[in-house]
Each structure stands twice: as structure tokens, then as C-alpha cells.
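Across the two complexes that follow, chain A remains constant while its partner is chain B and subsequently chain C.
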Partner chain A sequence: MPQLKGTLFEGYPVSKEHYDEVFNEKGGVRKHYQKVFNYFSKLSAEEFIELNQHAKISFINQGVTFAVYSENSEGIERVFPFDLFPRIITAREWEKIEKGVQQRVQALNEFLWDIYHDKKILKDGVIPYELVLGSKFYNKEMIDLDPAGRVYIHISGTDIIRHSDGEYYVLEDNARSPSGVSYVLSNRTTMKRTLPNIFFHYNIASIEDYPQNLLAMMESLAPEGVAQPTCVVLTPGIYNSAYYEHAFLAHNMGIELVEGRDLFVDRNFVYMKTIYGPKKVDVIYRRIDDDFLDPLVFNPESLLGVPGIMGAYRAGNITIINAPGTGVADDKAVYAYVPDIIRYYLGEEPVLKNVQTYICEREEDRKYVLENMEKLVVKPVDESGGYGLLIGPKATKKEISQYREKIKKNPRKYIAQPVMSLSVHPTFIEDTKRFEPRHIDLRTFFLMGRGFTHILKGGLTRVALKRGSLVVNSSQGGGSKDTWVMEG
Partner chain B sequence: MIGYKITYHTENSYSQTVKEAIFDFLVLPADDDRQRRLSHKISSTLKEPVFMYKNLYGFDVLRIRTSKAFDHFEFTVHSTVHIKKEEERDMRPLSIKEEVDILTSDSFRIDNFLFLRKTRYTLVSPKNKKKFIRYDGKKHVFDFLLELNNHIYNLIKYCTLSTDVHTIADQVFEMEKGVCQDYSHAFIAVARENGIPARYVSGYLNQGVGFIGDTLMHAWVEALVPGVGWVGFDPTNNQLAGENHIKVAHGEDYSDCAPIKGVLKTTGTVETKYSVQVIQEQQ
Partner chain C sequence: MLSRIANNLFWLGRYLERVEDTARFIEVQYYSFLDAPFIQKEEIALNSILVMLGNPDYYFSKYDRLNEKDILYTATLDRENPVSIISSLSFVRENARTTRDILSEDLWEAINKFYLFLKNFSRKKFLKAPIELFEDIIENCYIINGIIDRIIMKDIGWAFIKLGIDIERSAQLARMILAKIESIESMEKPSKVAENFQWRTLLESAAALDINKAVNHRATDKDKVLELLTLNLKSPRSIAYNLQKIHEYLMMISPEKEEKPETPEFTAGRMASQLKYTTVEDIYREGEKEFYSRLLSEIYQLASKIEKRYFVF
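After this line comes the complex of A and B, so read on.
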């Protein structure tokens, strides 16, 4: 039993309902956290707050800020809230995460190839075809198109949580330009500047080579016959909330950061306007949505894209990262079928668990859902951003009975999941000047090119800073932690 | 075999100088099993080379890009086409039951989903769906489609003033007025609602023999008849598409077949005109 009295952990409640990453059920410190715990338990609140100040300055010096554009804030640049207590993942746990993420992305990539070509999985009835072909993310421009190296999901950000049973579950597959990796890298830089000594006690996987791997992945996907490809990062521009990340990645890869107006298409090749004249571009890491990519093909109002780029893409003269149309793979309704997708294409059992998902179209599932609605979260499959969902434990009897009728009327529109509890991690709270448990998740980053894969050994651990909150998004008061993966 | 000389001509004037522009023209007659494109000649006042590439469905698109300033441009395509003599096709080779089995099979619906789904242009509200006719599975699909062709022809009054290129099928059923584009979207909406794949076709019409239309491009429909293949229907004229129909392209709806698409850098407005000439070659 560690002595918490008189330390920053005094009064720390070890949860019975949630998995605590640092403390076990008996209140003892988990072995891999022992040294970090010892370090922090020796600090006074004043010392810790001073370290926190150092960390903030480090972020400002690195330029890692974000602006909140609302009427009152006047666009003040803010620091993304950061917690100095790192999240540590053991080598054994990481092995499973890595295997599971890779397996998932590979299966989803096969799935994308199939649904844009032969559609075997649909004809075999593994997934209802209306669900896939009717998805608003199904992009007909991708039909029969062969992307370089058969890769669609070049960069993925699988979101993982740890449930109260101690197991990791995949919450979401982000197959469309997931963001956040710049925070991962600057969190590590800040950590090393603020607490250099602590790193001597741990053998932690390095993540600093991520930009080099990102560039290597891009270069591996050069169009045929291009030996030294020109790669660029395409940003919507300085008003995009992730502009810092776009600039950060381009800078760290040593490649150009461009906007749509810097590029043009001539005879199905893409060129960048430079002071030395046009320069052919071969690989584009775009951070704009499918809809805005090409005003000649998609949204004609788009000023962000490059007119004619889809023609160049169909002709195989440019590689677009991630491929258009990957949104089908991270669709909420398709999520329920990912374990089946893994079995279908890879003939393997899924390594990482899916959150149990009840598909109301299936009679058996529907029966269970209708009888257990007060325990479940029910979601419409075609909505995002939390619209139209019912959180059973928080709903009134009337709401539940109304919702029950909606499901009965249109069962194929709904899925249901048990309420998942995110694990908690000690996080320093400035108001109370001590560590308190806060919910966390983990976004991983996986790269896939032609004969090339790379996983960032770490990730973005997001923290819900409000007590009891499960919302980890930065726009809703979320912060982050450096994430350590132990080696050997 | 019938030969045609076809001319597509467009003239665009801009109130403000255009600094940079890219245009895609989908106006060349298709080169497929039914018709051969023998030659084509392009002239443009933009003095830029014209680049040809294939769109999603394999149709030839002409592209011009310029970064030289202009405030007026003309673009003309001359082409010659041979249409093969229609062979008598048996439109009812399968039994009605076999046709229905095919139409309702998952693999058929998966293979043809693009031409079965609702699009922005082919959407119709429940209220106006009352004007649809239903396929009851008790007659041949081809016979139903003939009936549908007739139904749309009789329901909609030809009128060039009440609709434009943005009009969707729902508005067409509401007003019961329109031009070839509207007849086609209306036909497609009903066919798809009944589970019969249908696609929008753009092209030219030889108007020598008393067809409705004007010196513009024409639009009609192709529907998939089980056991037969794609069959052309022209609901504007209550006919099957035949030797007078010269196809340019097909797609889900008008948005896949727009004859001209452009992205330009200018702040002003545009005045655009175009005309079409179809001349049947002397035998």
C-alpha cells in the first residue's frame, strides 16, 4: 500500500467501477508506474505547478497553440491542455494493440478494394449491401479505380479504450485523415524538456521518426515510373483548426505545404506553381475532405480543391493520401461488421475487441434491444456527432417508449451498444492542486504504403478534464498526455 | 447504317476578364457497339491544346485549360458518326417469372446499384409519388417500360420556360411540365422506384422527321431489361431510342452528363449560348 497522505495523491479515490491505469483494485501502484509515481509523490503542489508552467512555455515556444474562433475570444491562441503524468503502456499490452490495429486496418483496406471492385463480401451476404452502397461516403468515382499499391487507408487513427474489465476495445476506426499526431510529437518534446530525468528510468520507444516514416510511406506510393517523387501536404489553409499540424508535418518531412490554388492540373498531371515555374507533383497528402477535392467532380463551389485532380488520379498520375471514399470503412454501421470483415478477408479472429453492437435489423438483436433499452446506447446508423441517440440509463420512461416505437418502425436504421466505461488515469487538477482520476482514451497512428507499414509506438492519450466526463475531444475541454510504450 | 455530321458550338462572354479557367466538355458522340465515331475536329478561340480523357463511365471528355486572360471564347466540335442499323431484338426472351427473379436478386441489385439508387435529381416526395405507375410483376419488364414511356409522355407537357438544368424530378411531377431532361429524370425516378435500373443519356437527335425538340442537345433514358440488356427509351417523344438518337454519354442523372463544366477565376457574370446541328449524310 503506498503512502498517499501528504502527497499530491492525497485523497485519491481508487475507482471500483472503472479500470484505473495506475492503481490496482487494492490501491497499490501497478509495477510499470512505480517509478513515475515515486517521482510525482515527492513533489509539492508548488513544485508541480512550476513544472506545469515550464511545460506551457515549451508548447508556446514550439508554436503548439490553437485559436478558438468565437465572438468573445478574439482568436486568442491557446495552449492545448497537457498533463505531465504520462500514460504508460507495457510492452506486452502494446504488442496486442499493435497486432490488433494492423489487422483491422489491413482488413478494412481489403474491404475497400472489394466494395469498389467485385463486391464479393456484399454478394456473399456478409454485410447488407444497402448499408455499404447506400453510405453517403461511398464514392462512385472510386469504382474500378486501382489506387497505387492497392492501398486506400494510408494513415489511420484507430481509437481504443480500456473498459472496466481491463480489456482494450476499439471505439472507432478513423480512416479519413485522422488528426492529432503533431500533439503526440510535441507532447514528447515538452516532456523531455520539462522532466528530462524521468526518462533515464524507463526504456521508452521513440516516436520522433514518425515524420520520416510518413514521408517514406508517401514515397513508396509514387506513380509508376517515378523514381524520386515530389510529395506535398495539401491544406485547406490558415483558418483550418488543424493548420498547425499541416504546417508541422510538412516542415518535419521537409516537403512543401500547399493550398489548392498553388496546384493545377494540365493534361492529367498535377503541378505546383513555384517561382521557378511549374513543378510536377506525384504524391499528395491532403487534409481536405473528399467533397472539396475536385470542383469539377464533387462540390462545384469548392475553392479548396484542385480542378481536374480526380482525372489525374484515375489516370494513375498522382497518388492521393488517404484515397477518396475511405469513409465507408469508418462508418458507424460498418463498424458493427468489422469482426466479420476481419474473418472474411484474413481468415483470422479479431485481436482487439469490438464494442458489442446490436444490429436492430436482426430479429434476435432487436428483441434484446427492445427489452433492455435502459441499459443501452441506441444510435441511428446514418447520423454522426451524437445526433438522435438515446442513452438508456439517462433517458426517461417516456423517451424510451417513444424510441422503442421508432426502432420498431424502421429497425434497419438503428444499432445499440452497452454503455462503455473508459479507464481513468491520475491527472493533475489545478483547482484542487492534486491528482484526481480522469477518463482517458488512446488514438493510435498506423501508416500503410506499398510494401511498407509503420505504427507509431505511442499515440495520443486524450483526457476528459471535467470530473465524470467521458468526452475527451479538445473542443469540449479535453486535454492530453504523453504516451509511453515500454520496450522489452 | 446511317451517317451524321454533328456540330456543337458554344459561345461564352464574361462581364469581367477571366484570369484562369479549366473546362470539361462532354459533347463528343460516344464510340461504342451501337455507333462509331469516325472523326472529330475541334476549334477553340482560346488557343490552347485540347486534351481528351475518359470519365468514370469511359466516355471521352475534352478538356481545355488556360491561364491567359480572356473575356470571350468560342468552342466548336465537328464530328462524324455512323449509327448501326438496329437489329430486331427479342425484348421478351425470358418468362415473366425469370425476369422478376433477376430483378429481385441481390447480385443484380448490387451490380446495378448506381442506376437503382435515388440521386438529387431523381428524388420524388411521397406526395408526388402518387403519380407513379407500379410494376406488379405480372407483365414483361419491357412492356411495363413502354407503358411508363407513354405515361411520362402523357403526364408532362413540353415547355421550355418552366424548368432549367437544376430542376429535379419532384418538381417535374409537381408542375407536369418540362423539357427532355425533365422527362428523363421523371422516367428514371419511376423505373428505379420499381426496381428497374435506369440511366440518364445525353446526346443529339436527328430532327429531320418531326420530333419534338430544338437545336439543343437531347436527353433520353436507358433501362435494363433482364435477359436483353440496356434499351433506350425517349419519353419526350414516346418512342424507343433508335437511329435518330446519337448518344454522347450516360450516367446516374444529368450531373454525370452536363455538356460543359468549368472552374474559372473571375468575379463577373457569364452569358452563354450554344447550338447544335445534326445533318444526316446522303446515302
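After this line comes the complex of A and C, so read on.
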């Protein structure tokens, strides 16, 4: 490829097995990337490294750090790796993603209402009873409880990848307080500070209004009769690794960031302790897990939660965001049924594809999985963050045989999928001082309130920084990119 | 404002002031006694540092005799000593951490930088030139106080920090005066020169030596020093001045904006007014030790009244 010679792209291998977001199979630059590509190909390695340094300082100044805690509870604050080459999504592609995400979340929300009320989908035999009622996340406290506006999944973070066939696939529906949106907003701020001129060449969707939309969504779900609701963000506290995000969101919405000990329940109403006495709270965006929410109902050891909050919730005096019990909707075994769930409730064909999924609890599937493990990715149904999975083609014989025993022992806990080939994107690698292909995915952010929906036009593009690695999670050495959605 | 946050801000202020006062006290005690006009001076200096810090028990659990280096280290960099400067500073930082988004990123950064600087300071380097570290500590406190006074919005959160600072300063002033009275009492027949020397070091520990020059023209006899550090309404290093400020901040915070009996603002207003109409003769009449002990306990009672009113549920 003559156009790459003498640039930061020299020697860039255009992949045959993976979809490259920037280059087509012939090595040409895709049209919507042309201007950004031109810009970067004019830079020397030194210039680029200097820009990188600017970006890092911008993150540190914004305080965008995550804490790694060691003994004597003293945090070491780190900056997330950030890549300056933005990921660009065309308007046409985005339209499909947006439609697909909205469709999935709406269907899953209907599904949650149904399984906590009439259980029609189970009675009709679309999904086996055991699969839903046996899920670790099926929350009996939610049975027959009517959440405000019938909304369960207020904030969702659908993870999407692009396979080698060029199509988008949904990898996960994160229906329990997905994190990462603060990085999306900070990435954009950093890009604007570091490379302001690139923005002149593109008409990209703005994302800055996300916190306002988040607040509008919360306010739309105020308990009945409350005209001006008091909304708060509930955090486990400063030692939580996502504390920065909790503080960021509260700060940008202009609402209080509270801890469990700041709240109390009296006669089924929730109050926060302020210097002028108790103040009633109406909507809580909680960033603590279901288990810790209310020690009277769930984990009695929990010091993070609010004793009695589930009683107030049941009485309709407080809205909890996301609703407890939404974990069933992103259980990885239920995932296999999402296309059926969409057809069942909405009578539509799914817009976004699902990855072929083998449910180890089904005898037929289990047999296939046990015989073909070296070709499959096996995942526990109830874990997130990339923990506990087995990537067949990269595992040793011993690892595979050990994992096989685990599946046999507890088949409900596992599903398997073919290895998806995540698309690649040029990413600057400091060691080699040039761009190299790295695997990426996309986390979207979708909000749903009472008569209110909003999708963040962009998202968190996560990058697996290790060569050949498919694990993009930030807790496991992933980085991120600014994500641009083109307008019109 | 959440009670927890207000509480954090209040204690941020208290510990910050404690860091500065402790550093200045140790520095002044230790260095001025090097050329003091009387014998046994080292022992007196070391003892007064130990007493001011308020935990000789901790010291003697680790060391069996008064030793210059061990005392300086214990008072300054010993993290196991809960009242050392580094411990106070780590409490400043913990309290600031939860409030960094509400206040200002500058304040958090200055505190964090200061903390990391002190944390990484080695015992060896410190003992080679202790005075330098004390001056660095005081300077860092000035920077942070500058940010508090010039960067942060002067709202209720700010008032809680200032409240903490001034409560702490009033209490520290009362304690220092009390400790000095006791220290002079313990001297066998002190000469006038030796006694005035003691009052002079008190002025220095209270960062009021320059103010004294302006007000009292170098005279450092007991009457003048007590009046300046207790009753002067223009000196930020006097108890009366600080109580007036405390009253001001409490009026900013109070939702009723009127002083009802039993409220902290009522109590602070009464204490400030009483001091305003007190003379040195009144102090002597009551007895110096009695007067300052009473004042100190009233300040502590005021602090706990504030806590009960705003922080405790």
C-alpha cells in the first residue's frame, strides 16, 4: 500500500480474517475515515507522542482516574489508556444500531414485567421455566411489584461487536447499572482539547447533553403526586473503583451524591440527612448491587444499603433506578432467547443479530459444547467484566479438561458461543511507535423513562490493547477511543 | 447540604489548622530554646512539645527517655502517632476526598500534593534539617488557606471549613496560653528576662510576633501578650477575633438567621460579646488558669453543639 509508506501506518497489516473499521480488504481507506486518516498520516511519531502526552495531562487535570487500592487503603490513581484515533460510525450504520438497541431493551423490559407478573412467556413455552426462575438474578421481592411507569431497565449498556462478516452482533445486554459513560464524555472533552482541528472536518453528533437526559429520565419516574422530585445518586463510597463516575454524574446533573448512611427510611418514605434536617428523596439512581440494597430484605451484612428501602419501594414512594431484579434480562442463558423474546412481545424481527449460543443446561447443546470446546468461548451466565471465561482456541488441553468438569458439575452456570472475530481498528502502540490493528467493541447507552427514551449518540469504544487479545474490559488491560456518530 | 459532607468540611478545616499550628509550635519551641537565657532549656522545650501534642503516653510506650530526635520524629512524621502532623494531614486528605467534586479541584490537588510530599519525606532527611520541613509545612498550609479564601465560592460549604479552622485556632490559642502559664509556673523563680522570653516564644508560636511589634512595640510582658492573644479584635491571632468570625459563619449557616437561645450561633455570639467586654484585669481576677480552662472547655462545648445541630442524626 504505497499511501502508507513513511507514515505512522507503515507496515500496517490489513487483516483478511477480521473486519478492519478503517481499511477495506484492498487496503484502501474507507470513505468516512479519509480525513482523519490524512491528518494522522502527516504526523511523525514524535508529534503523535506529544499529542498523546497532552491527552494524558488532560485526563489527569479532569481528574478522570480510577483507583487501584492496596493495603492501608491508600488509592493509587491511574489514568485509563486512551487512543487518539477516533472510531467513526456512519449515520446509516448508527440508524440500525439505534433501532436495534431500542428494540432489544423494550422487549427485555416487557419480558421483565411478564416474568414478575403473569409469566405468559413461560406458560406459552417460549422459554423454559427453570431457566428464568432458576436464574441467580430472579428477584422474588419483585414479584407483583409495579415499578413506576412499568420501567425496569432505565439505563442499559448494550455491548455490540462487528464480526468478520461486517455485521453488528449484540454481545451482552447490560441491564444492571452499566458503567463507563463518564469516560465517553471525558474522552470527547480530551479529543476536543487535543485535536480541535479535526472536528472542523466532521459533522458529528453531540453527546454533552447526556447528564441532562439522565436527569430528565429520572424526573419522569417520580412517584405519583410528586411535582418536583428530589433525585440522588447512591454510591458505595470513595473506595469503589467507579466512584469517579458516580461523582461525575451527580456533579453534572447537579444532584446530591449520597452513601447508604446518608439515607434512612421512616414510615415507608426515604429521607436524606442534611444539615437542616431530613429531606425526602423521590428517585434514586443507585450504583450498588441488588444484594446490598436493603439489609432487611437481601444481604443482612450490607452496610452500603438502606434498611427498609424495599418497603418504601413496594409502597410506591421511591423509584429505584435500575429496578431490582433486572439481572435476569442480562443472564447469559436468557440472552440466547432474546430474538424469541423480541418476536414474542413486539411481533418484530430482531434488528441486531444475536451470537449463536449453546445453553449447557440443554442436553443436546451440552453434548456439542463438551465435544467442541477448543472451538468455543465458554462463559459463566452470571459474571460480567470478562471474568471466568474460557477462550477455547487459546486454552491449553489441561485448562479445557478442567473447565469441562466444571460444566458437567453445574451446567446451568455455563453457555458457549463460537469465537466471534471482533473487528479491528488502527490504534497507536507506544512500543512500536506506529499504528497497529487492535480489536474493539462498542458499549451503547440507552435511557428509558415514563414516556421518555434517549440514546447517547456515540458510546464507549473499548480496545483490547494486547496484540491479538479479544478481552476489551478495562479491568483487564483495555483502553478506549472517542466514538463519533456522523450526522446526515 | 448532606450532614456527612458538612461534617467532612468542618473537620477538613480543623485538621488543616491543627497541621499548621502544630508545625509552628514545634519549630518555635525547639529553635528558640536553643539560645534561651536559662538552664535546663532543652528539657523544657522537649517537654512542652510533648505536652502540647497531648500524648506523652504514646511517646513513652516507644521510648524510655526524652530524646530530641525521637520527639521531633514522633510529633511530625510518625504515622502511628494519631496526633502527629502527618496523621492530621492524612485526615485533612480523607475529609477532602469525599468533597472534591463539591468544592474545587484545586483545593483537592493542593491537599493531595502536600500529603504526598510529607508522606514521602524520610526520617533521615527530616532530622538533618528539621526547620526546613516545618517551613515547608507552614507554607503549604498558606497555599491551601489561600485557595480556601480566594478560589472557593463563599457558600455554606465554605462556611463549614472556615468554622472548623477558626474553632481549632481558638482552641489551640487557649491551649498554648494555658500550657505557657503552666510552663512558667514550673520554672524555679524565673527572672524577668526568662519570663519575657517565654511570652515571646508564645507570640511566635501563635504567629503573632509581628502583630505584637505593631501593637506593643516589642514589649513582651505578660499583660500585653495575654491581651493581644485573647482580646484584640483586629488580630486574626486572637481568641476574641476568631470567636467573632465563628459567630459570623454560624449566622451564614443557620437557616433561621436569628439567634435563638441554645443554638450554636447564640452561644458563639454570647462568647464573642463577653470577650469583647473583658479586660486583662478581669482575667487576673478570675485567675489566669481558671479563665483559660473555662474558655477552652466553652470552645469545645460550642464545637459539640455545632456537631449535634448539623451533623448528628
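Assume the second predicted complex is superposed on the first by the 424 of 488 C-alpha atoms of A that agree within 3 Å, B and C clash if a C-alpha of one lies under 4 Å from a C-alpha of the other, contacts with A are read in each partner's own complex, and residues count from 1 in each chain.
Following the convention adopted for this analysis, a residue touches a chain if its C-beta (ideal position, glycine included) is under 8 Å from a C-beta of that chain, and two chains touch if they have at least 3 such contacts.
This one's a predicted model, so the numbers in the text were calculated from it and none came from an experiment.
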Worksheet item: In the superposed model on chain A, is it clash or fit for chain B and chain C?
Response: fit
Item to complete: Give one of first, second, both or neither to describe whether A:K367 is in contact with chain B, with chain C, with both, or with none.
Response: neither
Practice prompt. Examine A:I238 and indicate which partner it touches, taking first as chain B and second as chain C; both and neither are also allowed.
Written response: second
Fill in: chain B versus chain C as contact partner of A:K433, first or second or both or neither
neither
Worksheet item: Thinking of the overlay built on chain A, is A:M272 touched by chain B (first), by chain C (second), by both, or by neither?
Response: second
Worksheet item: Touching A:K136 in the superposition: chain B (first), chain C (second), both, neither?
Response: neither
Discussion item. Is A:H201 touching anything from chain B or chain C once the two structures are fitted on A? First, second, both or neither.
Written reply: neither
Discussion item. Taking the superposition on A as described, I'd like to know which of chain B and chain C A:G308 touches: first, second, both or neither.
Written reply: first
Worksheet item: Should A:V258 be classified as contacting the first partner (chain B), the second (chain C), both, or neither?
Response: second
Practice prompt. Take the Cα centre of chain A as the vertex and report the angle out to the centres of chain B and chain C, nearest 10 degrees.
Written response: 80
Discussion item. Tell me the contact category for A:A250 with respect to chain B and chain C: first, second, both or neither.
Written reply: second
Worksheet, complete the sentence: Shortest Cα gap between chain B and chain C in the overlay, whole Å, is 6
Worksheet item: Once the two structures are fitted together, what part of chain A is touched by chain B and by chain C alike?
Response: 264
Practice prompt. Using the touch definition up top, name the residues of chain A that touch chain C in the complex.
Written response: 61, 63, 238, 247-248, 250-251, 256-259, 261-262, 264, 272-276, 278
Discussion item. Under the stated contact criterion, what part of chain A meets chain B in this complex?
Written reply: 119, 122-123, 125, 129, 133-134, 140-141, 143, 264-268, 295-296, 300, 307-308, 311, 314-315
Worksheet item: Where on chain B does chain A make contact in their complex?
Response: 20, 22, 24, 49, 51, 53-56, 61, 63, 65, 67, 106-107, 109-111, 113-114, 117, 252, 261, 263
Worksheet, complete the sentence: The residues of chain C that touch chain A in their complex are 1-4, 6, 97-98, 100-102, 105, 108, 156, 253, 255, 310-311, 313
